[in-house]
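Labels run A, B and C following the written order; every chain starts at residue 1.
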Amino acid sequence: MGRYVVRRLLQMIPVFIGATLLIFLMVNVMGDPIAGLCGDRQCDPATAAQLKKEFGLDKPVWQQYVTYMGNVFTGDFGTAFNGQPVTELMASAFPVTIRLTIVAILFEIVIGITLGVVTGLHRGRPVDTGVLLATLVVISVPTFVTGLLLQLLLGVQWGWIKPSVSPEAPFNELIVPGLVLASVSLAYVTRLTRTSIAENKRADYVRTAVAKGLPRHRVVTRHLLRNSLIPVVTFIGTDIGALMGGAIVTERIFNIHGVGYQLYQGILRQNTQTVVGFVTVLVLVFLVANLLVDLLYAVLDPRIRYA
Amino acid sequence: MRGATHAKWAACAASVALVATACGGGGSGSDSSAVLSASWGDPQNPLEPANTNEVQGGKVLDMIFRGLKRYDPETGEAQNMLADSIDTSDSQTFTIKVKDGWTFSDGEKVTAKSFVDAWNYGASLKNNQKNAYFFGYIQGYDQVHPEDGSAQTADTLSGLTVVDDMTFTVKLTQKFSTFPDTLGYVAFAPLPQSFFDDHSAWLSKPIGNGPYTIQSYSKGSQMQLTKWDGYPGDDKAQNGGVTLKVYTDNNTAYTDLLAGNLDLVDDIPASQLKNVQNDLGDRYLNTPAGIIQTLAFPFYDKDWDTAGAQKVRTGMSMAINRQQITDTIFQKTRTPASDWTSPVLGKDGGFQDGLCGDACTYNPSEAKKLIEEGGGLPNGQIKISYNADTGSHKQWVDAVCNSINNALGNNKACVGNPIGTFADFRNQIGDQKMTGPFRAGWQMDYPLIQNFLQPLYYTNASSNDGKWSNQQFDKLVDQANAETDTSKAVQTFQQAEEVVRDNMAAIPLWYQNGSAGFSERLSNVKLNPFSVPVYNEIKVG
Amino acid sequence: MPEQPNDQEGAIAGTGAGGAMDLGASEAETLEKTPYGPEGTGPAGKPRSLWSDAWRDLRRNPVFIISGLIILFLVFISLWPSAITWESPLQCDLAKAQEGSQPGHPFGFDGQGCDVYTRTVYGARTSVAVGVLATLGVGLFGSALGGLAGFFGGGWDSLLSRLTDIFFAIPVVLGGLVLLSVVTSNTIWPVIGFMVLLGWPQISRIARGSVITAKQNDYVHAASALGAGHSRILLRHIAPNAVAPVIVVATIALGTYIALEATLSYLGVGLKPPRVSWGIDISAASPYVRNAPHALLWPSGALAVTVLAFIMLGDAVRDALDPKLR
């Protein structure tokens, strides 16, 4: 187990370097960020040159990358154009997005898995068809349409929620945004659980358990669910990274000042330091989540042993 | 609002010993200690006066700073604020006396030195101040801010001299009669010593001399400003403070206003303008502001630098149904433009209704004729470039194109060309990569006709994005600047504006109004000519 | 080492993030772990391939028939939009902005006074083209890389696995914002290129996994023992049996690409006018939803139905190809 973890950690290094380099190059393709700082007028060339020097933009890209990564390892993620250290932005943005992600994941787990189990056990019945159709509709409508409509209906027409989230972003204000963020994944979790349950329902160990005379709920929770959850756990685990980085649309609609918001602002202002910094952390989250998922396998499926 | 009532009592109890008149007298229900919330956008640059060149940062600086002059919130006229007098005999050397009795909110006295230090800081190249060019007229600017990138040879502007505690002189490199009227711009604000002593501490919580002080500032999400009780000016805050909340999408801010979550929105999205009357009734403002939208042209592109191109540009201008677009897309929050300035200048200030004449009047058949005479559209199609990330530009660019297409009877004559980010848009302009007309908006820095013409059309001026150049225009502007008599100067500027018209250097589209919506709690809400709410006059309760 | 029949990477297949694009991968994972092959025989003892089995199933599946008909219709209007419209989608009259349904204009007008019906019909071409071409690109590129890596294994395999991890780690919407914000061309290629660039790892993983599974089959060992070359084994024996999961995921992904195009337009980096697409129209209409809901409803409805049709098709194909669910 220990050796396995070490090996996985070592494998993360090239992936981490590659992913950060990739995003670094991508942001660089966007071009010179200085021009956008001077409003509807030309920056005077002297100030522009000075700014470029200050942000290290006058060096070749590879050198910028090396310097940047060097700084990152000392905990210095650079400075945004508004003079704020990126680490400060992270300190304010990540807690908000983590809360949002927790709400979204809870929705995925509670609603997604419940619906999946129900439909999986009643394959082909009306409840199955109904839920299946509903998940398909959720998947096929773009998130920003769902988000805007929910905001208008719940926030303005019916007045059930606040249409935007306050800067403190407490959990109760994040329920609807979390649902919107989770919606597509939720639909997938439902379908995934359904398929998995339906498959395992006919497995020998389930039949044995039923034949033993175990109560139905015990068969479902102890035997069926535990084995059927492996693909679902994989999905949810890898979804964490995607949810955190993919909240750009949701955070924009509900005015949440989280990671998605900072990334969006960073891209609009071509703020290399902000974008690369946040993505670097997201890449780490992604890698760690993947590792945890794989370790969880061993817990859920005793046949898997990592040496 | 039980919570608010409690807060009021508490605040009054605390302040009763100091100011006996402030509480209790509010028979009309207005509460001078209540705080309002208002929409805001994240400022792009650090909040230094000489480094802030956009409205959002400007809003805050306007609340926490007062300069030598202040533009009247209603008329836009430049009035003395901290200036006791600004005298000159030759329109080139100015003697400025600062009023006694002003302090910064940390107690430091505002003196002549506060201004001179601030201006030197703003002009100096090593401080990266984006508004440095505002000091470009002052003698010695070449040394503190060499444009050609050579080394800076001085730290202070030689044209600035402190005479005594409250007096300093400014020597300009050329005659500039209206220079005193530019001094209301935020870049000319005074700075306290703490700005220089502990710069990063100052930046995280700026200290100024205006009617508000910053209570807390969490960058990127919100700023709390409270009324400064010791403020010495006449324009004291009529409310207890303002909480500025950052919104990424102005549509969300508007939605929040409707839901009672926000008190003031000063940028109503175009898509909601149709609902505003219904949603807000008389809690909606639509007042003229010093903003004009134009279409600029790349004169560095050989297609647009021909003799015939002038006819094509005039033809395009006549093919745009301004009235219909301002009525439909903007719901009358824009007024069709008929000159190159703004109505907020007033007749005396140089605004001349109808200066553009027929060239700005919708006339599709004449438009088609002119464009054909001019040799047709370059390459048969024009692309209007704009940045797609902010504002409601897509809507009007598409509408302008449809108008031109309908006039020419060709569905593909004109198309919009969205550019993803503002930064990239500015890059392409800066690198002279534009091949067709592009969006050009101009928000005045100060209410002078000079500000609508010189930065935009003078050869190599900072915002002359199309690189238009005309000797006659340049000559007239120089002449107007040197003119000591204001009305004569304005007349000469108008002559220069006629040169712009005759060449159709840019197509004027419309004058933009400021629009705002507010909640039932607020009264006496106004927008100044810069389309910024006059926060200190707002009454809550 | 893991005790699973698949090697450890295979067990973790599908552990990729990447927003919407990735979703199909996990769905197909159950499939991928299922060793199936053409050696299954029918009740009559006559050997029947997986494909003919699947086809028999599909022909009787109403879901497949309905989604197939919708897709055929979409293809038809993509090729000949003028067959059922009578105006140009670029013909707009601001005087009619936001007006509702009226004779000759069944869906009403949008904010620019363009006919919503005409634009919805013409939008199909772009949206379907983006979906199909992006899926083709992702499918070919991804399965080629994944297939080769799975077949040859070793160093190439490790390299490719790390490479897919790298691309998976970049959030899709973010990548789109960064890459497409600088694009000036107004063709559909940059959008498709971006989808291929960030979408290929998903297919690549599936393809790799199924090639590894197929490689372990006896008939492959047999062919190898008989002296068949690499290319022959790969193309004749492995590819036909490994392609099923790829097809399933690709069909589902196709729908998500169409929806992704709309999201990119909403963020201002998608396709550009004068191109007509559902994404452009949906994002243009969404702020006006209170005044002109019809301008939002019709293109989003068309988009939803299209995505639905492709996902249902993928679903049906998956069910038909999965012997466990039979």
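Please note the rule applied: contacts are C-beta pairs under 8 Å (C-beta built on N, C-alpha and C of every residue); 3 or more make two chains touch, one makes a residue touch a chain.
Keep in mind that what you see is a predicted model, and the values were worked out from it rather than measured.
The chain occupying the central position, as judged from C-alpha centroids, is A.
The interface with the greater count of contacting C-beta pairs, when A-C is set against B-C, is A-C.
For this pair, chain A with chain B, the centres built from the Cα atoms lie 39 Å apart. In terms of their C-alpha centroids, the spacing between chain A and chain C amounts to 21 Å. Centre-to-centre separation of chain B and chain C, using mean CA positions: 48 Å.
Residues of chain C in contact with at least two other chains: 177, 181-182, 290.
For chain B, residues that reach two or more other chains under the stated contact definition are 389, 421, 424.
Within chain A, residues 30-31, 152, 264, 267 each touch two or more of the remaining chains. On the chain B side of its complex with chain A, the touching residues are 42-46, 53-54, 125-126, 128-130, 132-133, 145-149, 203, 218-222, 245-249, 252-253, 255-256, 258-259, 261, 389-390, 421-427, 429-430, 440-443, 455, 462-463, 465. Chain B contributes residues 251, 269-272, 274-275, 321, 324-325, 328-329, 388-389, 394-395, 398-399, 402-403, 405-406, 411-412, 415-421, 424 to its touches with chain C in the complex. Within the complex formed with chain B, the chain A residues making contact are 30-33, 35-47, 49-51, 54, 81-84, 88-89, 92-93, 151-152, 155-156, 159, 162-164, 167, 251-255, 257, 261-262, 264-265, 267-270. Interface residues of chain C facing chain A in the complex, by the touch rule stated above, are 1-4, 8, 11-12, 14-20, 22-23, 26-27, 29-30, 162-163, 165-175, 177-179, 181-182, 255-256, 259, 262-263, 266-267, 282-283, 286, 289-290, 296, 300, 303-308, 311-312, 324-325.
By the touch rule above, chain A contacts chain C in their complex via residues 11, 14-15, 18-19, 22-23, 26-27, 29-31, 136-137, 139-145, 148-149, 152, 184-185, 188, 191-192, 195-196, 198-199, 231, 234-235, 237-242, 244-246, 248-249, 263-264, 267, 275, 279, 282-283, 286-287, 289-290, 293-294, 297, 303-307.
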